[in-house]
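You will see chain A twice below: alongside chain B first, and alongside chain C after that.
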Partner chain A sequence: MVLTVQNISKTIKKRAILCDVSGEFESGKVYGFIGRNGSGKTMLFRAISGLIKPDRGEIILDGKRLHHDMDVLPSLGMIIENADMYPGLTGKKNLVYLAKIKGIATENDICNAITRVGLDPDDKRTYRKCSLGMKQRLKIAQAIMEKPDIIILDEPTNGLDEDGVKLLHNIVSEEKKRGALILLSSHNKEDIEQLADEVFYMKDGIMKRNDENNLMHDKGKENK
Partner chain B sequence: MKNFLICCLCAAAVSVTKVISFGNVELLNADYIVVQCTFGYMEAINTQTLLEMVLAMFPFLLFQMFEGIEIYRHMCVGGMYYFYRCSNRKKWLFKETGVLAVKTAGFILIYYMAAVLTGMFFSRVEWSKAAVMLLAYCICMMALWLFLTTVVMNAIALFANSSVSFTVVAGVQLLFITLLSLFQEGRIFDIYTGTDAEKHIKLVKWNPMSHLVAAWHTGSGVMHLDILGNSNYGMSFYGTILAELLFAAFAVFVLFEAFDRMDLMGENRN
Partner chain C sequence: MKQSFRMQISLFKDSNPVKIVFWVLMLFVAWHYVGNVMLFRNRDVTNMYHPMLITLLSDEIAGNEELQYLLQMLPFLVVIPAAFSFIDDRNSGETVYVRTRLSASQYMWGKAAAVFFITFVTFEIPLLTELFLNCIAFPLSATGSPTGVSLYEDDRMQEISSYLWHTLFIKAPYFYTVVMTLKFSLFCAVMALFSFAVSTMGFRIKVFLFLPVYVILYVLAYLKYFVNISYQTNYFFYLKIFNNQTMNNWTAFWLFLFVLTFISAVLIFRYSKKDCLG
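Entry: the complex of A and B
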């Protein structure tokens, strides 16, 4: 399976959010995205997931064009930064509700996913009463419960404690072994360096392969 | 669903109170109950009747407040995780709009049924063919207006946010009620005295809120009802219902277009 992002651009309120972004991603690999807040990582992920329509360019999955041949990617699991789940439902009920859309994940799959992220499927607390870390774990669970071919993790370590981060690293490794294509963004360069097979650097909506020059450039800036 | 039930209870409470306020009456005409629950008799436009109209708006404003963001709220929370899985978003919107239509009809039915049942509990209610026709007209008229306004609210919320949409929709309705005060005796568009009264009376029907006052309408099957004595405003149930139907269809079209063009950002705007 090959996911191709072809020259996509997006402008919102006269501000260029994505500028001619291109890349090719294959299954069984983890792609890391580094960049500061507002660099365009989340917008790129939203575009790939079909939540926003690029002004120009195409997102192509195995020859099929997003928004033309399909409304959404057929097998996708994702965490979106700033997007919450239904506050009045428990964690499990949130996942059951979402699983009904495709009808792929069974109740067993849902319970397994919740257990995998270190939570209790029978927890009666509503989503609004969960801690930040628990909410993040639930979001990870909904992203993996359907065993999707593509997993997008936008800042998955937000709100996670040390154990949570370790757990996430394990999950990413397991999903990679399963053959999933994983797109991962993080403020934490260590996470990306440990998990990603290829790293991309984003700045002002422009995406570049994060070669030595970029790393040097970044390090130089930090030292200043 | 909880919010919908609260709205229904509130609507029932308002219509029950209205009927109880008639006092101990041995015989009640069904058409009288229906007209009273559709913004009252309103023989004359004056400050008191307009204030009563504003008060009677309460359950409808409550419904608009809750249901007017029912579709939009999916754009704020939870919806992002829903929409990246949903392979046919237009079908989802179609279903949601259908649910809204059913809720609107249910809400209006409960509003009128609570009034009629209360009337039957305290008095003997006399039904006629015309009264049944009038009830049917009023249910259609009120349900379509409520559906139209809630769809418009959802569409505005997609562009702006829920606070703006409620303020605009509720504000416009209350503004049009206020504008009716210009037609009082001695005011700029006096419809009761003076040489231009007949000319001014034609202007009343250009105020959309006046089309919700059942007593100002007429229509086939209900023409001989005495309670519709103020039909000289030139409003017919058919005309009102048809206009509401057309505007509702247009509002649904705008909602679908707005939804199709919008970017799903998944950030709680309000």
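Entry: the complex of A and C
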């Protein structure tokens, strides 16, 4: 499976959010995205997932164009900012409702996903009462419960403790082994360095394949 | 759309607002029904009224307080069961997860269908329950009218001829009453759909969503006093059954429902073309 991002651009309120971004991503690999806040990582992920429609360019999955041949990517799991769950329901119930949309994940798959992120499927606490880390783990569970072909993880370590981060690393490795294409962004360069097969650097909506110079430049700025 | 509809229906089935409004309506039905039973107990069948003429929506009984209260509360009741669902999704952030699994149009049309269906059913079941209870509790052979005018007198026939689809009433009064409850629930469902569609315009504070339906219905009700309109514009007169309907303009009523549905469809279509940024 090949996901191609072809010259996409997006302007919101006269501000260029994505500028002629291109890239090719294959299944069974982890692609890391680094860049400062507002550099366009999340917008790129929104465009790839179909949440926003680029002004120019195409997202192509195995020859099929997003927004033309398909409305959404057929098999996608995702964590992204501003996405959350119903506060009055338990974690499992939230996942059950989401799973009903596609009807792929069974109750067993849901329980399995919750267990994989280190939570108890029978926990009766509502989502509102969960800690930040538990909420993040549930979001990871919703992203993997349907065993998707493409997984987008935007800042997945937010709110996770050390154990949670380790758990996430294991999950990313397992999903990669399963053959999933994983797009991962993180402020934490260690996460990216350890997990990603290829790294892209984003700045002002422009995406570049990362090389040592970029990393050094970035590190130098942070040290200052 | 089917997938979104299925998900929304399962959500509504467990939803407290749906349960609350359902039981409020059941309470109205029970209040009216028990009142009828107390009033008509021991009454001879020859003096008894037709069981369909004494239902909650019937205006035949003088001082049907329950109906007045129900109609006054209606602009609020129609919004509560399902119309908040989009605000809930957006405020919680659930929209994003749903939209990664479904296209925006599938999500919104499925949701709209579910809002319409759930509101319709929430109102229809209590009303049908009352018809059923009336059939059990009161003699089916009774033909009297609470107005006191015999069915065979000219005045009564004149009044009946003012009813919407009155020939149906003459041929099959039971079926007619069922159809009228369906009309009532349809009205409620269209109002809920409209509120839901308006919520896509950026309402974040839930309580403000009570306003659109309330304002429209009450502006229309008082329009008659400011503009020279010869027919009734108050929704009360269009939702009651067996009231004197000579002043009603049914074409305007159906057109009103059609226009609200059309506006709702435009708003939903407009939203489904928008980017999902949060």
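One rule holds for everything that comes next: the second predicted complex is superposed on the first by the 222 of 224 C-alpha atoms of A that agree within 3 Å, B and C clash if a C-alpha of one lies under 4 Å from a C-alpha of the other, contacts with A are read in each partner's own complex, and residues count from 1 in each chain.
Keep this in mind: a residue touches a chain if its C-beta (ideal position, glycine included) is under 8 Å from a C-beta of that chain, and two chains touch if they have at least 3 such contacts.
Model, not experiment: these values are computed from the prediction.
Participant: Clash or fit: chain B against chain C, after overlaying the two structures on chain A?
Facilitator: They clash: once the shared chain is superposed, the two partners overlap in space.
Participant: Once the structures are superposed on A, label A:D84 by its partner contacts, choosing first (chain B), second (chain C), both or neither.
Facilitator: Touch partners of A:D84: chain B and chain C.
Participant: In the overlay, answer first, second, both or neither for which of chain B and chain C A:N108 touches.
Facilitator: Neither partner.
Participant: Thinking of the overlay built on chain A, is A:N37 touched by chain B (first), by chain C (second), by both, or by neither?
Facilitator: neither
Participant: With chain B in view, single out which of the stretches 44-52, 62-70 or 134-142 of chain C clashes with it after superposition.
Facilitator: It is 62-70.
Participant: Residue by residue on chain A, keep only those touching chain B in one complex and chain C in the other, then list them.
Facilitator: Correct list for chain A: 12, 46, 49-53, 71-73, 76, 78, 80, 82-87, 97-98, 101-102, 142.
Participant: Could you list, by residue number, the parts of chain B that touch chain A in their complex?
Facilitator: Residues 77-78, 80-89, 263-268 of chain B touch chain A in their complex.
Participant: Sort out for me which residues of chain C touch chain A in the complex.
Facilitator: So the residues of chain C touching chain A come out as 3-4, 6-7, 10-11, 88, 92-94, 96-106, 275-278.
Participant: In the complex formed with chain C, which residues of chain A make contact?
Facilitator: 12, 46, 49-53, 71-73, 76-78, 80, 82-87, 97-98, 100-103, 142
Participant: How about chain A: which of its residues touch chain B in the complex?
Facilitator: By the definition above, chain A touches chain B via 12, 46, 49-53, 70-74, 76, 78, 80, 82-87, 94, 97-98, 101-102, 139, 142.
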